[in-house]
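Scrolling down, you'll hit the structures one after another.
Common to both upcoming complexes is chain A, partnered first by chain B, then by chain C.
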Partner chain A sequence: MSNILETLVMYFQYPFVQYAMIVGLLIALCSSLLGVTLVLKRFSFIGDGLSHVAFGAMAIAGVLGVSNNMLIVLPITVLSAVLLLRTGQNTKIKGDAAVAMISVGALAMGYLLMNLFSSSANISGDVCSTLFGSTSILTLTKPEVWLCIIMAVIVIAVFLIFYHKIFAITFDENFAKATGVKADAYNLLIAVITALIIVLAMNLVGSLLISALIIFPSLSAMRVFKSFRSVIICSAVISVICAGLGIIISILFSTPVGSTIVAADILVFFMFWLVSYCKK
Partner chain B sequence: MMKYQIIAILCCVALLTACGKNTEIVQNPEDTAQTTAENELVIPENPDADPASDIDLTTLSSTMVYSQVAAMMYTPEQYEGKIIKAKGLFSVYHDEFQNKDYFAVLIKDATACCSQGLEFVWSGDHVYPDDYPEVGKEITVMGTFATYEEDGATYCQLLDSSMIVDA
Partner chain C sequence: MGKMQIECKNAALGYENHVIMKGLNFIVNQGDYLCILGENGSGKSTLIKALLNLKPQISGEIRFSKEIGKNEIGYLPQQTIVQRDFPASVREIVQSGCMNRCGLRPFYNQEEKKLASDMMQKLEITHLEKRCYRELSGGQQQRVLLARALCAARKMLLLDEPVTGLDPKATNEMYELIAKLNREDGITVIMVSHDMHAAVKYASHILHIGGRQLFFGTKPDYLKSKVGQAFLAVSGGDTDE
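This part shows the complex of A and B:
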């Protein structure tokens, strides 16, 4: 045990491990804050859809040879988030069908573009890395870390500033509208923040596992706690602990970072489910 | 009022993506010298490491090895002259145009889908394929980290390397 601790202390002296931990915990915190709202509003799969859009956008950035792919990935993902919300409300293709359509469409087009036009010698490695995160979080540069920190601070600040409005539209959108809350504008805000989190979280767990980061902590917290605030606090704590634990386990025992974090989330979900079952 | 707040947030996001351009500065080998002065190389003390090496990758977990090699590729100037010990799969690349063989130790990540090749030059007179192991054999190499320019690109390699073929 002391050997493991010594190894861990030694690993934490590496700058890339410190960067991974800072960014990982911030992403986990952000995703858990929004997760509760998304789950309660039945938007759990919007994260999945948007992450696939981000994958497609990343492929386009790669094909165009754009060095900083955030310039393409972020606007496309934000635009898709807005379109998904609008499409869900007003057109013949409703909610889940629109998400599914955009999700698989973007994934297929992204993979197709990567295969047809990629200049990389290791396409399968690139795809695997983007879909499952691989060790992306452990290969961040200092400017990327700062970008993640600033974006995370914006997400947290927006959530705290508009907490009461988000609470209102999460539980009863029609009532919120009747009381003068501009629900459409706040839905748009939630969509934009969700898109931001998706783009950030692709580094941590990859685009296929992002939904887990959004839904598992919220669902776990909902097993035990009942008020909106307590669920959000518990969800944030679970998410941060699982992300930290996942990163530590992956560097100690050479497991893939993304799936280790999700495995920790699943384990906590079952523990909380058991607690709620015993309480009944 | 709300509309203006949202517009302000979107503007901040757009500004942030523009700031992200700085990431390219670090990844560009020509500009990395700027960051060297700011970022001192941190080599944690590792009691299990081979005392003959500065960085012993053979004692780290595979996730750590992959990340450390990635860091070496991002900022190679920080590692110039350091003695590196690495373990991985023997790999060869033959350049048809120059009729030259490049030898590397291949380091895979935890998901085994990504790999980093660390080129090495085996010290002494050796002929390929007679003296070299089979491609895919596990080897341990130790050599001095250096960079070189070829066709306008910067490459990393371990010079004066020793090589042990693992049983």
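This part shows the complex of A and C:
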């Protein structure tokens, strides 16, 4: 046991491990806050769809040779988020189909572009690390960490300030609109911060596993807790603990960070499911 | 007869170039219990949207009196799938009816919390305050949504098929509750329904639509009219009066 602790202390002296921890916990916190709303609005798969869009955008950025690919990835992802959440109401292609279409479309185009124009020798390695986020969390630079902290603060602040409004439009959009709440504006806000979180989270777990960060903590919390506020708090706590544990385990046993975190989330989900099952 | 609250003059409703309903002429006065009858697809939901100011009329005029300003109608929408498994306490839901009083203020103040408590008391759901919405019975859920609607506006209620999915006992209770709010608190009620029996039993006025306005007037007149008698015959109507 003391052996493990020593190893941990040793690792945590390296700044890149500290950065990974900070960024990991912040992203986990943000995604779980939004996750509850997205799951309840039946948009569980938006994380998946948007992250594939971000993957496609990264490929475009790579082809164009833009050094800071955030400049391309962020606007494209935010735009798609806005379009996708708007389709919720009454368009010809329904919400789930639109998400699926954009998701696989972007994935295919991204891979195609990478293959046709890539300058790197190890394409499948590149693709694999963007999809599963294998190492990039450990190669964060100081500016990236600050960017992440600022974005996380914005997301959390927005969430706290608009908490009651977000509740109202999640529970009943029609009623909110009828009583004069600008539901469309808030939906737009949710779409934009969802996109922000997803672009951030791609570093952590990669674009294939982002949905897990968004849906597992909130689904676990919903098994057991009965008010909106307790579900949100519980899901934030679960998400942060799982992310922390996942990162520590991945350091100790050198497992991939993203999938270790998701494994921890799945484990917690089954524990909560068991608790709710026993209560009945 | 109370003061005029809504006046609809020769209004036509629909989407851009597609008129769904035209020739609407009716008046809602304070304390009225107006029942809007019509088959599915007769334009009931379009009319609701117009009354809630969610969609402007194509032509004509819909005027609201000052006290029923924009967005001050308590709305009881039909339940959505999302709500059936929504983790929220009764208080959280009732309180969300106060949202339009907050403006940009992020949290509820004491006054709004008290309003929510008062409305829960009025609808006899105070004991459910901490319970989870999804675990309540259909009738209890409707009471919660009604309390929320009353938090949003205390002068007028717009109810969209309020008894859908309720068992006969809960249906009866719900109708009695609405009638009581109308009778004792003087709340104007507009109920959209295809339940002929309830309309005949509780409403003071009837608006019957079907692509256009088929009838508007008081209940006794409706029962004598051709439209009313035809509709009664179709819905197997034998009235208790």
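Everything that follows uses one rule, which is that the second predicted complex is superposed on the first by the 278 of 280 C-alpha atoms of A that agree within 3 Å, B and C clash if a C-alpha of one lies under 4 Å from a C-alpha of the other, contacts with A are read in each partner's own complex, and residues count from 1 in each chain.
Keep in mind that, in the parts below, a contact is a pair of C-beta atoms (placed from the backbone, for glycine too) under 8 Å apart; a residue touches a chain by one contact, two chains touch by 3 or more.
None of these values were measured; they are calculated from a predicted model.
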(request) After aligning the two structures on chain A, examine chain B and chain C and state clash or fit. (result) fit
(request) Have a look at where A:167 lands relative to chain B and chain C in the superposition and call it first, second, both or neither. (result) second
(message) Once chain A of both complexes is superposed, is A:273 in touch with chain B (first), chain C (second), both, or neither?
(response) neither
(request) Return the chain, chain B or chain C, that is in touch with more residues of chain A. (result) B
(message) Touch test for A:111: chain B only (first), chain C only (second), both, or neither?
(response) neither
(request) With the two complexes superposed on chain A, say which partner A:175 touches: chain B (first), chain C (second), both, or neither. (result) second
(message) If we overlay the two complexes on their shared chain A, which of chain B and chain C does A:147 touch? Say first, second, both or neither.
(response) first
(request) In degrees, to the nearest 10, note the angle that opens at the C-alpha centre of chain A toward the centres of chain B and chain C. (result) 170
(message) By the touch definition at the top of the document, which applies to A:128: first (chain B), second (chain C), both, or neither?
(response) first
(request) Compute the least Cα distance separating chain B from chain C in the superposition and give it as a whole number of Å. (result) 8
(request) Please write out, lowest number first, the residues of chain A touched by both chain B and chain C across the two complexes. (result) none
(request) Enumerate the contact residues on chain B facing chain A in the complex. (result) 2-3, 6, 9-10, 12-13, 16-27, 35, 39, 42, 44-47, 60-64, 66-68, 70-71, 74, 109-111, 113-115
(request) Please give the residue numbers of chain C that touch chain A in the complex, ascending. (result) 52-54, 70-71, 73, 75, 77, 80-83, 86-89, 92-93, 95-97, 99-100, 102, 106-108, 130-132, 135, 145, 148-149, 152-153, 158
(message) Quick check: in the complex, which residue numbers of chain A touch chain C?
(response) 40-42, 160-165, 167-168, 170-172, 174-181, 221-222, 225-229, 231
(message) Can you tell me which positions in chain A touch chain B when the two form their complex?
(response) 6, 10-11, 13-17, 20, 67-68, 70-71, 74-75, 78, 122, 124-125, 128-129, 132, 134-135, 138-139, 141-144, 147, 150-151, 154, 158, 182, 185-186, 188-189, 192, 196, 250-257
